[in-house]
Every structure is written in C-alpha cells, then in structure tokens.
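One chain, chain A, appears in both complexes that follow, with chain B as partner in the first and chain C in the second.
This part shows the complex of A and B:
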C-alpha cells in the first residue's frame, strides 16, 4: 500500500524507525556505553525524531517482520556479490584491447510501489559498475548501461534489476 | 656555454637550499610554544584533542575573532545582495524522486552527525566549525530537493546565531571575573580525561559555536538562493 494514500497511518512506526536508526548511528559513532554519552544520544535522537518524523512518514517503510529482515540481509549480500562481479566485468572491458562496450540508455519498468524501495533499487543499480540510474519517473527507471545487451524492456530488466527486485519485493510488500 | 651557466646556477641554488636546511635542527621542536602545547595541553585544558586545546584553550580569543569574521561575512553578504535588483532565472526543475527520497531519509542522519561532531570536538577530530558545516550541508540538500522551497525560519536561525555568540562571550567574561583574570579562563572542572563531560568550558563553547556556524552557513545559502530566484 502506498504511504501517500494514508498519511496518518503508521506515523508512530516511522517515528520509531527514525529513533532506532538515529540511536544505532549514535552508538556506532561514540563507540561507548557511558551514561552521559547514552543520555545525550537519547536526547538528540528524541529531539530529531520529534521535529523530523514527518520526513520518514512519506517514505513508506513497512512493518518489521522476521521474513522482511532476513530478506533485507540476504539482499545486502546479493548486492555485495553483484558489485564484485560487475567490477570484474567492467575491468575486463577496460583492459581488453578491442574495448567491447556498447554504451546506451535504456528504460526498465519496476513493480515496486514505495518511494524508498524504488530509490534503494536505483542506488543498487548505480552502485554496481557498468549501470547507472539517471532518473525515476513513476514506475520507469532510466538507466545508462555500458554494454547494452538487449534493447527490449523485459530482457534488460531481467539482466539488471530482477536480481535486486525479487528481494526488495519481499522486504517492502 | 648556456649549459655551463645553468649548471652553475643550479649548483648555487642547491647550495643555498642545503645551507638553509643544515641550520635547522632535525626532529626537534622548532618553537617552544608548540612544545608546551603538546607537553602540557592535557593537564592545562583537559582536552584529549590537542588541536582543540590550542584552538579553544590557549587561543580562544583568536577563535572569537574567527567567529566574528564569519558573522560579518554573513551580514555583509545579506546587505550587498539586498541592494541588487531581483531578476528571475527561469523555471526551476522539479527534483527527481531519488534526490527527494534521499533527502527525506538522510536529513535527520546528517543533523545527528553534525551534532556528534561538534559535541565531541574535545575528544575526536572535528569541532564547532566542522559540525556546523556538516549541518549546513544538510540544509543545502534540503534546498536542492524540496520542490517548493521551505524558507529557513529567519527568526529561529537568528536566535541560534545570537545565542551561540552570546554564550561564547558570556563564558569568556565569567572566566575573566572568576579565575586568574584572563579572558576565557577555564573555570569549570576538567573532569575525567577523555569522557564527554571533560575539558571544562571547551565542549560548552563548541556546542555554542556549532549552533552558530550551522545557522550562519545555512543563512548564507538561503540568502544566495533568494537572490537567484
């Protein structure tokens, strides 16, 4: 369900998400469990959550479920392995004397609904060398590809976005 | 002939460099002041970060000058730009979904990071100026990504700016009154070394500077943007 259709539903959930993310980052930055550090982190996180939770309400973050969390962790590992693979592929194209590239811009469609899911997908595509997301318009992603293997929409989506999308779909739907 | 002259010139130059360098003691402190900072900075100011102990402990008065320079730059920019005639610069492109959603997700995290940087200026690299700059970068992201620009609340930003500057001055004056008769004297206890509540007045001043610099830099961006519209 799109979060924009129901502006007030899940406002507590998004505040909680924001607060937990802020607290985790504070703990990682300070790297200590002393009372004064925890207390100051708590105060700052609460203040920021109070003033800025509206930002998170429109992101469309889903309820936390074990299946979603497991899929998200799996997605992170898939992303890392795809980045490594794509690095080797681009290095091969750069070092090859004939430089076998076929650059071009293609459009692929995504079935993801939430803004945050689309942005994560777009950033995953950008992070893997060789593909780069230029823009998102509704459900279409504009992608620059170093070696266009297929101009056809479905085929391109299969090669570029499907490997990420199947995990993100479970996480966000 | 030409070659010979240039070689002779090169040798003279080389001799000059070698002569100058050989006079300098290698691996020893060249300035006594710097030696004092590194040897006694910990006891004198209680700050784990030596740079901070110099910037706010030994040379706090200097820093007050720097804060004033930034303040004047901000005012000057606003005054100069307000005299110019406003002219439109064409339609603004609506920001893409990636930028807009990225802003929503990252903005609180950027503010948290900026706050961390200026609160821990006496413990780790960074401080009020750096933390303030991080916070202002968050506001730049806001201006780029929100289609209808939410104007910075001028009252709030001026309030932060003025209160930050005042806290700096008042703490300096309290030190002048209480301690051994010098400006920015550290009158608060140094506390346990390398914890958040240590180094006396340094974290208090850095928090004030963080708010001041953050609101000032955001205001500069706001003024420039206003001009371009």
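This part shows the complex of A and C:
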C-alpha cells in the first residue's frame, strides 16, 4: 500500500503520542518518581521520539476520535472474550480422548485497506478459537482452521473475521 | 493477595501444561502451533500476572511484560507457520481442505 494514501496526522501530534507512550513505559519500568529517574526518562524518551517518529507516522495511525477510541475499546473486549474461549476450546480438543479435530487450510478475504489494520486482524485471528493466520497477500488471508465448518470464502469469513472487522473498520477509516 | 496470586499462577501453569499435551497429541505442525499459541498466550499471561500479585512491587512491570507477550506471541507462531507452508510441510491425513496452492498462484500486486 502506498504511504501517500494514508491520512497522516500532524507530525507534531503523532510525535507527542509516541512520546507519551514511551514515557508511560519508562514510568512503569522504573516504578519511581525521583527527579533523576524522571529526567533520564525524559531525555531517553525525547531521543527515541526524535529517531522513531518517522517510522511511527508511516504506520498510518488515524487521528484520535471519540468514536474510534470507543470502538477500539469494544474491540479489545471482544478480543479478550475470544482469547478465553480459544483457550478452553483448545484445552477441550486436546483432552478429549478422540480429539475432535477437522483441520484444513482455507482462504478468506478482508475488506480492510491499511497494513496496520490487516496486521491487527491477522493477530486477532491467531488468538481466536481454532484459527491462525499463515500468510497475507493483498486482501487474501491464508488461514489454518482446526475445525473446518465451511470451505467457501464468504461463509468462512463470516465465522472467523467479521466480528473483528466491523470494529477495525470504524477505527481505521 | 498472596493466595490470589498463587491461584492465578496455578491457572497459568495448568494452561501451559495443557498446551504441552496439545503439542504431544496433535498430529501435524499446524495443529501443534494451534495448541502452542493459544495455551501459551493464556498460560504465560496468567503466570506472569500471578507473579505480579505475589510480589506487588512488580505488578505493573509484570502487566507490561504480559501485554508485550500478548502482542508478540501471534507473530512468532505466524513466522513458524509461514515457513512451514513455504517449505511445504504436509498436512495430516485428517485434513479436509487445503487451499495453499490456490493462494500461492495469486499474483502479488
């Protein structure tokens, strides 16, 4: 995907976000509010922001909006519930004496355009019950499914990716 | 607090054990990666957060580490799986469908 198509946020604003994230990580890691700790964290965060902000902007993260943030939080909750389901699902399949598996490799299509959105979708699919992403090419995802319920692209996409896509679409468009 | 931490760590270890069972019992690379990814996500997450509860000073650090594991775990499994597809590791006999060829034939834009 061409970097020019991505709606860039202001260079200063994106640097500021990156700086805040780095600073929070520093505070969590050092776990103290001493002046010298804060000062060294400030310097390191500023240096890293200076060197990394170009890469960070290339990700094409969208502007922060209330609607986007709300959808992202909803997405995180859906993801967490899916992770819990996934673990019990795999545990069940492993412990069952007959191992009820019906594995296969299928293709699904995604309507997401941005690379970062596709990466998040692929990672989510990996964390959800019975599926993980093998490869991505443009809008097609190659997916291994431990219990194939449908070989047809549309039907499979409905069962696997739709629940994430509807949130990610709002977040990234 | 200490008891709570022990319970959480225990749950984590239990899921790691289940993941190991999965790796031993399931038939081929891809299915094993399924067990390896899913159970370790839960397993490591709970083990690390549980340690955080046992040692309250480390709690935030532990949560940060757990989040990093949560984000990077799928990536490593994806890398292994993709390599397996590229060198043509076969699927097990139980498999019902394999669209790898169809996927490889797609043109890279």
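We take it that the second predicted complex is superposed on the first by the 160 of 173 C-alpha atoms of A that agree within 3 Å, B and C clash if a C-alpha of one lies under 4 Å from a C-alpha of the other, contacts with A are read in each partner's own complex, and residues count from 1 in each chain.
Here, contacts are C-beta pairs under 8 Å (C-beta built on N, C-alpha and C of every residue); 3 or more make two chains touch, one makes a residue touch a chain.
Keep in mind that this is a model prediction, so the values were computed, not measured.
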item	value
Room on chain A for both chain B and chain C (clash or fit)	fit
Computed vertex angle (chain A) for partners chain B and chain C, CA, steps of 10°	60
Touched partner set for A:157, first chain B, second chain C, both or neither	neither
Partner chain(s) touched by A:133 [first = chain B, second = chain C, both, neither]	both
Contacts of A:34 with chain B and chain C, given as first, second, both or neither	first
Touching partner for A:18 - first (chain B), second (chain C), both, neither	first
Which superposed partner A:103 touches (first chain B, second chain C, both, neither)	second
Superposed model, chain A: greater residue contact from chain B or chain C	C
Partner chain in contact with A:118 - chain B first, chain C second, else both or neither	first
Chain B versus chain C as contact partner of A:26, first or second or both or neither	first
Partner chain in contact with A:55 - chain B first, chain C second, else both or neither	first
Partner chain in contact with A:90 - chain B first, chain C second, else both or neither	second
Minimum C-alpha spacing, chains overlaid - chain B and chain C, in Å	7
Footprint overlap on chain A, comparing chain B with chain C	25, 29, 122-123, 133, 135, 137
Chain A contact footprint on chain C (complex, rising order)	15, 18-19, 21-22, 25-28, 30-31, 33-35, 37-39, 41-42, 57, 60-61, 63-64, 70-71, 73-75, 77-78, 81-82, 85, 91-92, 94-100, 102-103, 106, 108-109
Contact set on chain B toward chain A in their complex	96-98, 100-105, 107-109, 111-113, 115-116, 119-120, 195-197
Interface residues, chain A side, partner chain C - complex	25, 28-29, 31, 83-84, 86-87, 89-91, 93-95, 99, 101-107, 122-123, 126-127, 129-130, 132-135, 137-138, 140, 142, 144, 146, 148, 151
Footprint of chain B on chain A - complex, ascending	18, 21-22, 25-26, 29-30, 34, 36-37, 40, 44-45, 48-49, 52, 55-56, 58-59, 115-116, 118-119, 122-123, 133, 135-137
